[in-house]
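Across the two complexes that follow, chain A remains constant while its partner is chain B and subsequently chain C.
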Partner chain A sequence: MDLLRLLQTIDRRFIYALLLLAVSAPFFLSIRIPVPISPQTQALYNAIEALPPNSFVLLGADWSAGSRGENRPQTEALMRHLMKRKLRFALLCFDPQAATLTETMAKRLQSEYGVQEGVNWVNWGYKVDLENFLKALVLNVPQTVSADINGTPVANLPVMQGIQTARDIRMILDVTPSETFKAYIQFVQGTYKIPMGLAPTSVMAPEAFNYLDSGQLIGMINGLQGAIEYEQKVGYVGQATRAGLSSSFAHLLIISLILLGNLAMLLQRRQRARLLEGRR
Partner chain B sequence: MTWFSPWLSAHLPTLLVWIGAICTLGLYSVLYRENRLYRLFEHIFLGLATGYLVAQTWTDVLLPKWWVPMWDKGQWVYIFALVAGLFYYFIYSRRHNWLARLMIGFFLGVASGRTFQAFVNDTWPQIPTSFKPVVPHPALRDATGKVVAKAVTWPDAINNILFLVILLCVMSYFFFSFEQKNAVLRRSAQWGRWLLMFAFGAIFGQTIMARLALLIDRVDYLLNDFGPAIGGPVVMFAVLMVLAALVLFLALRPGAREREPGEEP
Partner chain C sequence: MFQPVQGYRWYGYIAGALLVSLVVVLILQQTPPRFRKPLIRAITLLGGLFYALEFFLPTHPMPTPEDPQRVGNFLTPYVVPFGNTSVIIAAWTVGLGFINLVQVHSRRLLRGAEGAFNSAVLLISMAVMIVVHILQKVHPNAINKNLHHLLFDGALQSLDATMFSIIAFYIVSAAYRAFRVRSVEATFLLVTAVLVMLGQIMVAQAVTMHLPHNLHVEVIRDWILTKANAPATRAIAFGLGIGGLAVALRIWLGLERGSYFEAQE
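Up next is the complex of A and B:
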């Protein structure tokens, strides 16, 4: 088999092995590639910075273990920013795993920022029927949520003081690997024009750019790359920043392989054309 | 069994990272080829996720929202939720399936009504924001000096013209109601198709990025969470490299080469 043909028929397992090396080796390197902050990440950061102290933010977390690689660092970056600014926030999950995953995260971070469950943040827990729940939430928050994840009536919690309808929510944030953000736009953001930020997985991000352009979204954390940028803005080295170099190496490898495969194909075509010409 | 509980609480963190690592490696074994180990872990994962969903739906939703009010607080009217839900099963009865249709019709009505609001809040705001200024101008102010229209610079104007051209080309591609005989329309539709291809390419690139992020998370877990349990991240890195070498050896040994699509056995 000649080299040009070999380059187009590399065994996929050889590529997997190379990818594994490209992803794992950078964890042992101390190089940091500078990451410019994208406008949409900067816009979201600025919007949270501009919120008045003690504002109430709704942090939707609709992800599970399957999209942990992107959604966990996004959630952590947003949660750290909210805690750092001492803004009140409620976690709302339409995925059963998210309720537990975000609860663990918030409990881990709260002592670092001197905030307290029930006073600065609350976990409304796992809820079903996304659209009808949000429609009801707009009209009456305490009645719709009724109790937090621990079974405490939310109306009795200090964090919920002054929160009656969706009008009292100053900002909505949704961390999601799916289209749940559209339901927030359709039934909450659109109704009272509440500023809304989004943290989707990279695969979902292209669909969100329309909403950014129209102003329905004020900013966005685009996948792992966005999480790296946001970690920089908040000022800590987290899971996303640690993964940054691996991501760059893996992308470089894939781009190189695509170029190499296509180059080999073009050269082989030219070789065949010459052979045919020679025979004529 | 009195010894088990203290032992479990003492060893639980270690046990969990071991289970996580074994499951991760078991699931990734499919990269070599389809195998029983992969199938086993796939079924465990699906079973766990489904079981978790059912348990969480009961404890977080049905118990506090339905069972406790009905059973403990005597709000018997909640029983109708169960009755209405059970109506769906009449779909299997030829004689009484109208009862199922009743419920389906009711919920279709609810969903249709909701769609009106959804459309208004979702799509309408995007229509006026598509009308973008294409002529550069300074900021426009009213009599009180308040800015009513932001300044448009030359780069903004070029960007907006590009946006409008792309919008019109892509929209013209979707004129299916009549035959596109007009040369201008035909050309813009062709451009629209190409522009859509660019968008799909970008989406595909983003998809690769998302999948890589998931792989990186698992490798991070194996190196930095599980690694310390077997002597450190470097040891785990060595284990991963040995496993990769083994897979390569098995894959590339004579006679083990995968057939190309369409190649005869």
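Up next is the complex of A and C:
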């Protein structure tokens, strides 16, 4: 078979094997690459740093296991930062899996930072009907949330002291692979101009730049790369940093294959043109 | 309006809610199809009207013990109960979806039709997951917790993550086959995609770190995303917003064709 044609029609099983190798090989390497911090990540970090101690933050987590490659390290980085700064926070999930996933994460991290469930953080659990729930939440938090994931009335929890309306929330953060952040902007952020940060998957990030331009979002953790940057800012080596090299190799493989296929196509075209010219 | 309760009162409330739900479902089932459409139309119109009026009517200071700075109109105090009600209705739809799923797959299983095995797996998985989840909530002993951990973390989450991970293999293969510079537009798309991808990975960022600032891949990526992509998505968002408003108005006013049981008439 012609080599140029072969380079344009590489067997998909060979591509799958290459990808598997590209993703798994970095697990056996221990290379640490410092990354520059993007302005969006820096802005979000600074905004959380500027919050007064004991401020109340609403941490929306609307992801499931399908997007945990990006959303889990983002959530963990934000949670660590909030716990490190001893800020109070509430987890709110509009995805049934997220409630359990974030609960497990918070319970794992709380002993490391000396914080306690019910005192420093609370899991409001899985809620349905995003828009109407948020619209009611703005006016009365304890009545809308009612009880936490364990069934304890939130009004009785020390972490919720002084939290009556959305006006008492100092910052909103949303970790999401979908468009849930738009509902937060429409119904919560917009009402009292509460500062809001976003942690979307890379594929959703381009849609969020408009909201950064308008000032409705104060900062953003853009996908896995943003999570690597945030881990660096918070000062720990987490899942994102470890997976960063695998992601890099996989992207480089895609780029190499695309360029190889195009190069072969262009060379083949040139070859054909020369052949036609020769015949004339 | 909806205060949380615990202990035996919780069980009582659950039983009461189930009973009321059953009665409502039976009444709705018995409603003749010709009345269903106007009924749903009226409820949709009232629901939409409530939020529209609450938003558009003039507001004035309405201090409450919880929120001394509150402003609103005569409808504002009902937003919270209304929101709670709509959350309950949304939770209902999950229940209806569950009933529908059970009906469809039980029928297929009983008939022994094609895919009956898959239906059996679905029904068994669903039943086991529900029972185990309720058990670990009501009696959180070690066995129930471990069983839940095994099924939820071990099986469900792993299957979900695996399914999405497999997409990566198809994306690589498809990108390799489809991304060909056959036209000027395709060339622009390819160059832009490669630059954004490079800007998104740490290896490329480290390689270009020592170049002049404007040649850093992450700077080029940010320029593409903020200066080229953002205006384009903003324009699309405006179009989508206007289209969405038109569709919402049609649904709200009951003008949308093919909705509200029209197929049954």
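Couple of notes before you dig in:
Everything below uses one rule, namely that the second predicted complex is superposed on the first by the 280 of 280 C-alpha atoms of A that agree within 3 Å, B and C clash if a C-alpha of one lies under 4 Å from a C-alpha of the other, contacts with A are read in each partner's own complex, and residues count from 1 in each chain.
What we mean here is this: contacts are C-beta pairs under 8 Å (C-beta built on N, C-alpha and C of every residue); 3 or more make two chains touch, one makes a residue touch a chain.
The shown structure was predicted, so the numbers you read here are calculated from the model rather than taken from an experiment.
On the superposed chain A, the positions of chain B and chain C overlap enough to count as a clash. Looking at the shared chain after the overlay, A:68 reaches both chain B and chain C.
With both structures placed on the common chain, the touch criterion links A:257 to chain C but leaves chain B unconnected. When the two complexes are overlaid on their common chain A, residue A:4 makes contact with neither chain B nor chain C. Of the two partner chains placed by superposition, chain B and chain C are both touched by A:202. By the touch criterion defined above, A:33 reaches chain C but does not reach chain B.
When both complexes are overlaid on chain A, the residue A:189 reaches chain B alone and has no touch with chain C.
Touch criterion not met for A:51: it reaches neither chain B nor chain C.
Legend: residue contacts after superposition of the two complexes on their common chain; A:109 is shown touching neither chain B nor chain C. In the superposed model, A:43 lies in contact with neither chain B nor chain C. Across the options 38-46, 200-208 or 218-226, chain C meets chain B in a clash only at 38-46, per the superposition defined above.
According to the touch criterion, the shared surface of chain A, contacted by chain B in one complex and chain C in the other, consists of residues 12, 16, 19, 23, 64, 66-69, 97, 127-128, 132, 135, 146-147, 151, 202, 205-206, 210, 213, 223, 225, 247, 250-251, 254. Those residues of chain A lying in contact with chain B across their complex are 9, 11-14, 16-17, 19-21, 23-25, 27-28, 64, 66-70, 72, 96-97, 99, 125-128, 131-132, 135, 146-147, 149, 151, 182-183, 185-187, 189-191, 201-203, 205-206, 210-211, 213-216, 223-225, 239, 242-243, 246-247, 250-251, 254. On chain C, the positions that touch chain A within their shared complex are 1-4, 6, 10, 51, 66-67, 69-70, 76, 79-80, 82-84, 86-87, 89-91, 94, 152-153, 156-158, 160-161, 163-165, 168-169, 171-173, 175-177, 179-181, 190, 194, 197-198, 200-206, 209, 216, 218, 222, 225-226, 229-230, 233-234, 237. Residue ranges on chain B touching chain A, taken from their complex, read 31-32, 49, 52-53, 56-57, 60-61, 64-65, 110, 114, 117-118, 120-122, 125-126, 129, 199, 202-203, 206-210, 212-220, 223-224, 233-234, 237, 240-241, 244-245, 247-248, 251-252, 257-258, 260.
Residues of chain A touching chain C in their complex: 10, 12, 15-16, 19, 23, 33-36, 38-39, 64-69, 97, 100-101, 104, 127-129, 132-133, 135-137, 139-140, 143-144, 146-147, 151, 153, 164-165, 167, 202, 205-207, 209-210, 212-213, 222-223, 225, 228, 244-245, 247-255, 257-259, 261-262, 265-266.
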